[in-house]
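Structures are listed in the sections that come next.
Both complexes shown next keep chain A, but they swap its partner, so chain B is in the first and chain C is in the second.
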Partner chain A sequence: MAFSALTEKYSGKMGTLTIGSGDQAVTVGGQATMPFATFDGELPNKPLIAMEVYDVVDPEWPAAVVDPFKDVINDPIAWAKKNISEYGAKAICLQLASTDPNGENKDAAYAADLVGKMLAAIDVPLLVWGSGNVEKDAEVLAKVCEVNEGKNLLVGPAVEENYKKIAAACLGYGHAVVSQSPIDVNMAKQMNILISNLGLPMEKIIMEPSTGALGYGVEYSYSVMERISLAALAQNDDKMQAPIINDLGKECWKAREVKLTEEEEPSFGPDMEKRGVLWEATTGIDMLLSGSNLLIMRNPKAVKLVEECIDELMA
Partner chain B sequence: MANTILTIPESINIMSKTIGPAIKERDPKPIQKMAIEQQEAGGDIQDLNLGPARKAGDEMMAWLVKTVEEVSDLPLALDSTNTVAIEAGLKASKTPERCILNSISAQPASLEDRMPLVKKYNCQFVALTLSDEGIPRDVNERGMCAAEIYGKALEYDIPAESMYIDPIVLPVCVDPGQVASFLEFLPLIPDFAPGAKSTCGLSNISNGTPTELRHYLNRAYQAMHIYLGIYSSIVDAYDEEMMALCKGKIPAVTDLTKTLMEGGDVDAASLRPELQVYYRSIKCLMGNVLYSHSWIEDLVDKLDKDWFK
Partner chain C sequence: MGLTGIQIFKLLPKTNCKECGSPTCLAFAMALAGGKAELDKCPYVSDEAKATLSEASAPPIRGVKIGEKKIGEELVFYRHEKTFINPTAIACLVTDEMDDAEVDAKINNLNTVTFERVGLELSADLLAIRNASGDAGKFEALVKKALGATEKGLILMSDNVDALEAGAKAANGKGALLYAATADNCDKVAAIAKENGASVVAKGGSVEEVSNFTSKIVAAGVKDIVLDCGATDLKSMFYNDNQVRRAALKAKNRDLGFPTIDLICDMTDDPYKEAMLANVAIAKYAGIIVMSDIDKERMLPLFVQRLNIYTDPQRPMVMDEGIYEINKPGPDSPVIITTNFALTYFIVAAEIEASRVPTWLLIMDVEGMSVLTAWSAGKFVADAMAPFVVKSGIKDKISHNKIIIPGYVAQISGEFQEELGSEWEVVIGTREASDLPAFLKAL
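Moving on to the complex of A and B:
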């Protein structure tokens, strides 16, 4: 009798999410199998990496994430273009750090205008990320949605305290939303229910389960994402069938292991760039292996490493 | 399998906003009122929960026991982490042999301090499956804890029938694996501790769930426990539907639970909304559907609270 490999068949499959419009639209998700288990089921869309661009850079950033962008670091649009033309970025994530009330506190109109200019300048899908301030993000992201109507941005993060305003703006002006929950699979589901109750379909939602960097809780994100994937696939839970995104660049590049010099911690060795790149790439690969569909990353070399890994795993 | 279980009303608790101050001020009225109400509601054993009771716990427990025994002839469960308070309660009781010491864990200190009291007063006790390593992670660790306590009881020549095993209920929104482990362990109790009874602090299942929805989850979990043959349960006696369920008076729920627990399914949409609540809750508690706070959101407005009467 011929050998036939046992395969795992799932009753459900992950939904898809499309970002951007026209020729530049990209779709993620849609897998009918656990991560990269192509022998079990269909994996129609490659995971996507969006490269980060900040409108204001924290002076604490290590050289490994300043040097590649030195010439453009004060111009987010030029930075985005460089990411695309030089580093091959397939999507851009604009981090609106300057809108943080505890920082420069730039207003919503500024953010909406910057997003408009960015859209005009680039030909890849655009993600727009708030500063993480719950109230300010609601105001800023709603304005971004309104002014850039119909561009099918991916906007977030929407959390329990501000999802109504952000998701409603996405619904009203034709964008998709990031549904973020605090490393809790039940809360992830609850957020999706709350957002879809507003009328936004599941095809317009992607989940951010709260991302921990390597050494800073990556294992918690890993297990929550695995459980999300199993609920979507094995339990065919329609409220868990939104793809997954991980905002990991900022988590990785604030890790102590990435920031300390050899003088400060001799055991870490002299090559800070390599350390940082591996820190970010390892975190990214961990997230992919637990079910991520979209990664937000910073360093071009780390992005390249993870993309090579994706290609090998999909081959 | 029997459809009725012993109920242990939980409301005489120092954490309660009415009972707490009454205990501290030695005001018997609110406590006696509650004891009478709990008995009238069909409660079988009055739980008197003093919590840690670090300061003068003995006087408090003795007073509380006498206060409740003045108006209610039900046996008492003496619930405190203060062993001196427990002993004071046993001494004060008219019928210490009917009391339940709540609880003895598999922690060596608990076994050493408390098992002699069970012997001395010839009372019963709750065996909490907790060890120095913490809350058991699975069925086997629950079994080990139960066996440890069972062994200690036998050393003292205490009959297994005096022991109420509590396998520890943990919230569904913390870890559905623990919910499953509890359900798996319940029917194994006769193997781990032949002759022993079972009980649990049911409402912990819904810890973290929005307050107004907790009792729906509690009742569904109770229905599952009853199906699995639990002997008793610490419950809210003011929840009429819960009390009816514990007394086997809601056959529609008993039947639905049996079907689902035996691997069958029904067309949920054809059920009346009150039964759909049980259906969905049981599916979450069995681990078939991921729990979220909105699990019955679309049903709550359609429910008739007297539907089971």
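Moving on to the complex of A and C:
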């Protein structure tokens, strides 16, 4: 039987999201095909990787995590600048870990001020991520939005329990929001509906379907994202047509396969950096292959490996 | 079965003799199409019709065994549609231009690099032996050496048909895979394969080129075929593997209804990049990938990637019920109970390990459900948990009486306490595993 190449055409296409303002603005999403299927149709925007910086780091982080940033790890702004100038970061994600009430419990005014300083110091789009504490994030992120009005930050995560305050602040002060849901297609859609009912348009929403690291639920995220992508493309479901983001750096670097020394687990091998870099890069490429548009990653080598794959597959 | 009732009907004698037990040939054809009858029931069906029908009922992508490892037989594009079936085979390359020490080291890695996970042993599958020297004698010698050095299945690679034949003879009966038959030499290579019980890679510069001669190999009596459509980089590999699967599943193209092989080791010299290509190949449809080495640090993420992608989405991975010791616990160490959903176990165990607090982790069999799901299904509830705790024998290992339950089932603590009686003290733990280290350190 003669071979003829088969192409897939879909009735729908993924929406876009723009982060940052002016010349620095970057757009993701807008694809009319499944990931990297350049032979099927249009993928107008390459997936983006935001390199994360923390305003406070866990003293238990393994050397492989700390080493690339050793000199700047206590200064998130210097860290962000290093990520950009030395490691080629195309976007920065500021992780506001210090606002966690179970940690340093820094207040919203501090966070808003830090974001302002960060914006002044860098020339790439900025994402601002809360500590994951539902109540505190609402307070902190709303303040961040207010004080930095009009900068078109990407702010999150907004979850079912706190989305009203965060999404309202994004709407009021000109920012975009991360709509996070527990690994489930219907809940992801439900969150988009709830947020857009507040008046925020779909072009200002990106979905975080909950990211499992390699070995820690990556396959659940993978299949949920494939199903979201197919719903957006094949079923043309407009409430599924928000691009996808994955906050994966922090998930990957706490895996035991990354943290244990060879002494603790001889079968894992001595080169902890190699293991860690590949753990993060593998999770990253899995997320892209299943439909992600924006990754939050930590290690510069892992970022480079994934970006090389993006460039080659999109060439 | 790929044929409709009407298509099958056309192949039947149309005499309506009823010997098959159906009132008419048409009714029998419909029953066949629906999988409710066996073709043998009709004594009058022609050999030709039999061949057509069995061909049509064959899987769209043939299963091929190399040594003990099976590949192919995939039925879907996305794992959530059903499941991926036979995990991508991972092969390690050696050549007859490497010195003995290098060959030995690589074969040793192939044999020994394994990881234990959810009761499974994760390891690589095949040894690929390349005739880089062009010398048939050297190649044959290496094949013989390999046969004594590993139990893994073999891929024998040479452009020289004589060398391939020498290697195939040496590995006769081992179910080796011969690499490769091309449009020019496929008759000869197929004959060698048939003679020596081997399977064959059909290799060409494109999907189209390969599709043009696989039928010749089949006609020569070799049905176990693997396809190399000539990918030289990530993009061409991604395209080829996608198109082959589409041709097989959507167009039902029999000429491409075979698993694929990707020589990733030839696409890059950078070991990190090689690992990335392997990740993509595993997720996107490769049957076999050939790597330059099976080293621990790259294989750990790669094997887990393969396990995760090929896990049946309808059947959660589970842990065995029992007591797990984390950080070498002693009589004073805390006891935590949770469910046997593998993901729950991994996440909880990783956090306990990170805390460095010696801990007993009790894993209860609830058919692989997460804590909340198992609770709402009535499986992770007080009157089931209490007998398990008693039966587990954990009491003999500790000198205290506290048992920590997940924060998500705080509501059962009273009842659980009642069921366990005064010998135990139930303590409510954290909702999120990520808060466990702080919780354990504060105990």
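Everything that follows uses one rule, which is that the second predicted complex is superposed on the first by the 311 of 315 C-alpha atoms of A that agree within 3 Å, B and C clash if a C-alpha of one lies under 4 Å from a C-alpha of the other, contacts with A are read in each partner's own complex, and residues count from 1 in each chain.
Keep in mind that, in the parts below, contacts are C-beta pairs under 8 Å (C-beta built on N, C-alpha and C of every residue); 3 or more make two chains touch, one makes a residue touch a chain.
Quantities reported herein were computed from a predicted structural model and do not represent experimental measurements.
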Query - Which of chain B and chain C A:278 touches, first, second, both or neither - result: second
Report summary line: In this superposition, the partner of chain A with more touched residues, chain B or chain C, is C
Query raised in the report: Just chain B (first), just chain C (second), both, or neither: which does A:61 touch?
Result: neither
Query raised in the report: Which partner does A:194 contact after superposing on A: first (chain B), second (chain C), both, neither?
Result: first
Query raised in the report: Of the two partner chains, chain B (first) and chain C (second), which one does A:102 touch, if any: first, second, both, or neither?
Result: second
Query raised in the report: Should A:253 be classified as contacting the first partner (chain B), the second (chain C), both, or neither?
Result: neither
Report summary line: Where chain B and chain C land on the same part of chain A: residues 227
**Report entry** Residues of chain B that touch chain A when the two form their complex
**Finding:** 173, 288-294, 297
**Report entry** Residues of chain A that touch chain C when the two form their complex
**Finding:** 1-6, 36-37, 39, 60, 102, 212, 214-220, 222-223, 226-227, 230, 254-257, 259-260, 267-271, 274-275, 277-279, 281-282, 285-286, 289, 301, 305-306, 308-309, 312-313, 315
Report summary line: Seen from chain A, its contact residues with chain B in the complex are 184-187, 189-190, 193-194, 197, 227, 231, 235, 237, 239-240
Query raised in the report: Touching chain A in the complex: which residues of chain C?
Result: 78-80, 114-117, 207-208, 211-212, 233-235, 238-239, 242-243, 246-247, 250-251, 253-256, 272-273, 275-276, 279-280, 283-284, 295-298, 300-302, 304-305, 308-309, 311, 313, 343, 346-347, 349-351, 353-354, 434-435, 438
